[in-house]
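Shared chain: chain A. Partners: chain B in the first complex, chain C in the second.
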Partner chain A sequence: MGGLLASTLVYGLVNSVVLLLTSLGFSLTFGLSGVANFAHGGLYLLSGFLCWLLMHRVGLPFPLAAAATVLLVGLLGAAIYRTVLMSVRGIVLSEVISTFAVGVAIVEFFRWKGFTTYDFTLPALVDGSVDILGVTVDWQRLLIVALGLALTGLLWLFTHRTMVGLALRGMSQDEYTALSVGIESDWAATLSLGLGSALAAVAGIALLPLGIISINIGYDVLLIALAVTVLGGLESTTGLILGSLIVGFAMVITGNYVGPRWSEVVYLAAIVIVLAVKPSGLLGKSKELEDRV
Partner chain B sequence: MIQTLRTAASLALAALALGASPARAADTGPIVLGVPTALGTIEGQDSLRAAKLAVEEINAAGGVEVGGVKRKLEIASIDTREAEAGVPVLDALAAMEKLIDEKKPAAIVVGSFRSEVLIPAMDVIAKYKIPYLCTIGMAPGFEPKIAGDYAKYKYNFRLGLSAPYLVGNIAKTMGFIHQKLGWDKMYFVHQDVAWATGTAGGVAKLSAAAGWKVLGNDAYPTGSRDFSSSLTKAKAAGAQVIVPIFDMPESGVLVKQARSMKVPALIAGFISPAAPATSWATFNGEIGGLVNFLFEPGSIPLKTPRSEHFYQAYGKAYGEETLRKMSGHGPGPSYDSVYVLAAAIRRANSLAPDAVVAQLEKTDMDGAIGHITFNKNHQVPFGDDPKKEAVTLAFQWRDGKRVVVYPESVAQSHIEAPR
Partner chain C sequence: MLEVRDLMVFYENALAVNDLSLEVRQGEVVGVFGSNSAGKTTLLNTVAGLTLHLQQRERRKGGMRITLGGAIRLDGEEIGGLSPRARVERGVVLCRERHPVFRDNTVEENLTLGAYLRPSGELKRGLESVYELFPPLVALRKRKAGMLSGGEKEMVAIGTALMARPRLLLMDEPLLGLSPLMQAEVVRGARAIARRGVTILISEQYARPILPIIDRGYVIENGALVVSGTGAELLDNPEVKSAYFGV
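Up next, the complex of A and B:
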């Protein structure tokens, strides 16, 4: 098959799962606690640099450094809730401003400390490439596709089939009712921030080997996560998948048939259009519920 | 009455003495050189280091003699952040003006990083009338602007490579590939910024005229990390050479992705993160075969005393690791710019801007980047012979080493086709 069409199909899917993986932590945190964690991009960047430092300054092997990074970034996410967010819990604007400030602080800290050289890369988990529909794709990208789909499935099972997951969802749906049956709000939010941050670290460790760890990625990742989740619907897993597929394919189609310079306009345009036409996102219900009330 | 006159005369003398003191201090104190540039970039950081090294060397030799007094040099820098996404040109210019207002530099070296900032910065310099020796910004509009209004813009000089010279050098290299390897299909991928767009367009035009078929010319926004679109098209169209023009950190991915997608073309152009000696390790050796340009010698020295001295002194001052990471654009001319300026001040025997400018125009000296003179539009000419002009180097990554392949006067080997 080969050619541009096959490339569009293969790289459209790869790009969609890259976006899905990038946004998973942001979406999970909002879905479980109602907190829009605008430090998501900063945590993603932090995971890359932390893993690199653990490998090159502490001397840990990559698998151990990666595991430690996921754990530490997850704990940091939980700590962010306990130290920064707890006092402004429920005030949406303050939550956004606080988390955004934390994200900016992380990104600019690394800029200040001189992490702007070209030395920061993480190793690929698997080398080599394979032909699919006549299009050559490297194994790392295929691993990302598998990881993204597996994590999405596991998270759905966690939030729909486990007591902890159901408790967290209950808290996000109606905090007072959840409190009345013994689910503690701050515990739930701490856990969801921790899980979302750990997912940001997983995404960073899987995706950053595709390129180089550069400072501005901290801001780009936040924008991507916002575009995909706003498009699909902030609290909907199915919406997140749909949003990733739409934006992912739209970017690749635009790049292949219009020109790469326009491909990144797509996700910014997605935010504007969706907010104007259907503010709750394609599968989101929050705005509609608010309107009904 | 006489007593009153004596008192008045004493007071007047005291006032004169007090008034004269600061002036004398200013005439003997350090000569401040401003460095307003993008200090978050490797090019900006390395250029500042190189300028500081030159200042330290000149100060260690006693300083610069002006009006019979040996004066030390001093660097005052500010981060304009102009290379960061979303930082407006006006903010970068404001940072530059802040430095000029607060530190009162006698001249500026290194200067603007982005072409989009360099051109309006020339108007800021026209306002303050201080010599400005830029070494990073490559805007092709620099020379026409001086030519258009010499009296206004005469304070601006450029020691770094300009986009038109880069275009000429890449086109010559393509001509060499066309001639030696018999190839004629090329594909351009470049960053969507003024200098890269201009360079890609210029090389495409010259190459097409020289017999190349230009199969595509794709622009990528700064920060792009996926180049599969262009690589797929280039591979499908049978491109023999892919010409990348990028100065963003993420662009190193392009070569890795081309390898993983089994694109058989030679990649020959400019990818800044693949220029330092450390990039082979950074990219796990996946940049083998890449032909990359060093805009100016520095990171790879010329076989000339000044160039080799700079290379060794930089390593001694900042350590082997920093030396190996040195960028391919900025440090060499930044180091030279301080020496060029110091020599002009000495000859002028004054810090008066017009006198210094007149002497800068007479510059004729060897530097780390080759032989330095200024053309009538205040640009250092870049050619093929380091004894006559400054030069640009092209090298090919082979087994972890950077082998110089252009210009022929300093080349260690010819360009090899991908294995």
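Up next, the complex of A and C:
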């Protein structure tokens, strides 16, 4: 064993969960508040550098630096809602432009400050590797798979089994009915942005140890999140998993059989094709016209 | 309990509620009758705080201009500037028109969300009392609310509002589009709610089906008051009778 097929299978799965983890925050925020947070990639990149800075400039141990990063980036997400999003809420183009501006500002800030060398790496949580179907997979990737699946499950429980989660979903389904039982829309949106951003940080801290932190990851991550969520239909967990699997395997298959340089084209192609053929995504239902108040 | 004084609501330049005053006393069931676009929904949404919310939202992004005027008092306290949440906390709960439910949630999740501001210890009791009021909901507990019929959705919507423990329940056209059988069921429910001590302000296009349960009614046209009185008094007015009592 250990042939191309086995490697496609194993790395297809691993890559799918990597994409799932990458997109989780973006998808959560969109599903709960309707805001497409185009700062997602910027926040992901920021988490990597922030965690690195907290470790190497402040001297915190990794677990503490990671926890602080998740918290701070979560708060930053909430602050983004309060400052740039609140006044344009509901105007989709303005939401996209203003969050994208924040994302670009973060990414280009680090480029300007010279964070472009090969010094920036985060430690792997675990070392070593293991053989699966004759394919060598390092433990960090397996840990990422476990983390991605566990987080997806936990988020599902949170949004379906807790009062706060139900309230957030209620707000996303029918704002005026949610308001009439006392749920506040700004609170819900602030929390959605905060949670989604914190998840971007978790993804960054878990995934960035796989390589060096390079500036353009900020843009790649946004495109990946867009591809996966657009494909899956933007609002369901099942759709998100399906989207991750399709893009994840398509990337690995293209990389293995066509050539590594082509695998990145896959998610761009996915966005274009889905938007042209079925804009609501594979599982998405087209939204009914909102009732007037 | 509720006193509305000289209420005005403009959407851009269209007058939706025009200098309207009305009163609901503790323990009463009061009807608001009017044809389509008369301003019933705007009135109830304004009492519940949704219009204020919309106004603030529109103001932030510089969209549609909404102008509000007049006073809304609850037990003497002016509540016209309060958020929808603060009004729910004071016991003013709106059950919106067109049988609104959280479509992707089960019936029981819908009801649970109604108790969003209540202490969690109350949840079980609350659910039991809603199921007692609308027994058909028991069998539908695990069903997605979006799949229900109009009448079942209305029961869920009313149940959800009840879970918030209203002192004043605002019901916006609960009978709209329901079969006569379902209408009777909902009217029976409203009567039972009133018996539990909840004060009710209910809007309808046609007064006939809820005549037996109302103490008084107001008829509005183009956002303004036409007549008011007890059910019998309204029936005595020939114009009102033919327009709203479907004779």
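Just so we're on the same page, the second predicted complex is superposed on the first by the 285 of 293 C-alpha atoms of A that agree within 3 Å, B and C clash if a C-alpha of one lies under 4 Å from a C-alpha of the other, contacts with A are read in each partner's own complex, and residues count from 1 in each chain.
Criterion: a contact is a pair of C-beta atoms (placed from the backbone, for glycine too) under 8 Å apart; a residue touches a chain by one contact, two chains touch by 3 or more.
This one's a predicted model, so the numbers in the text were calculated from it and none came from an experiment.
Asks: Once chain A from each complex is brought into register, does chain C clash with chain B or fit beside it?
Replies: Fit - chain B and chain C, as placed by superposing on chain A, sit side by side.
Asks: Once the shared chain is lined up, is A:Thr162 touching chain B (first), chain C (second), both, or neither of them?
Replies: Neither partner.
Asks: Is A:Thr136 contacted by the first partner chain B, the second partner chain C, both or neither?
Replies: first
Asks: Given the touch rule stated above, what does A:Met86 touch, chain B (first), chain C (second), both, or neither?
Replies: The second partner, chain C, only.
Asks: After the superposition on chain A, what is the angle at the C-alpha centre of chain A formed with the C-alpha centres of chain B and chain C, rounded to the nearest 10 degrees?
Replies: For this superposition the angle at chain A equals 150 degrees.
Asks: Can you tell me whether chain B or chain C touches more residues on chain A?
Replies: On the superposition, B touches more of the residues of chain A.
Asks: A:Gly259 contacts which: chain B (first), chain C (second), both, neither?
Replies: Once the two structures are laid over each other on A, A:Gly259 reaches chain B alone.
Asks: Under the stated touch criterion, which partner chain does A:Gly3 make contact with: chain B (first), chain C (second), both, or neither?
Replies: first
Asks: Going by the contact rule set out at the top, does A:Asp174 touch chain B (first), chain C (second), both, or neither?
Replies: second
Asks: Give one of first, second, both or neither to describe whether A:Ser214 is in contact with chain B, with chain C, with both, or with none.
Replies: A:Ser214 contacts chain B only, not chain C.
Asks: Rounded to the nearest Å, state the minimum C-alpha distance from chain B to chain C in the superposed three-chain model.
Replies: 34 Å.
Asks: Please write out, lowest number first, the residues of chain A touched by both chain B and chain C across the two complexes.
Replies: Shared contact residues on chain A (touching chain B in one complex, chain C in the other): none at all.
Asks: Mind listing the chain B positions that touch chain A in their complex?
Replies: My answer: residues 40-42, 45, 84-86, 189, 192, 218-221, 223-230, 232-233, 236, 248-250, 252-253, 256-257, 260-262, 272-273, 276, 278-279, 282-284, 325.
Asks: Mind pulling up the chain A residues that touch chain B in the complex?
Replies: Chain A residues touching chain B: 2-4, 7, 11, 15, 111, 114, 116-121, 123, 129, 135-138, 140, 210-212, 214-217, 219-220, 252, 255-256, 259-261, 263-264.
Asks: Contact residues on chain C for chain A in the complex?
Replies: Answer in residue numbers: 41, 45, 48-51, 53-54, 57, 60-61, 83-85, 88-89, 93-96, 98, 100-105, 109, 112-114, 116-117, 120, 157, 160-161, 163-164.
Asks: Looking at the complex, which residues from chain A come into contact with chain C?
Replies: For this pair, the touching residues of chain A are 86-91, 163, 166-167, 169-170, 173-174, 176-185, 291, 293.
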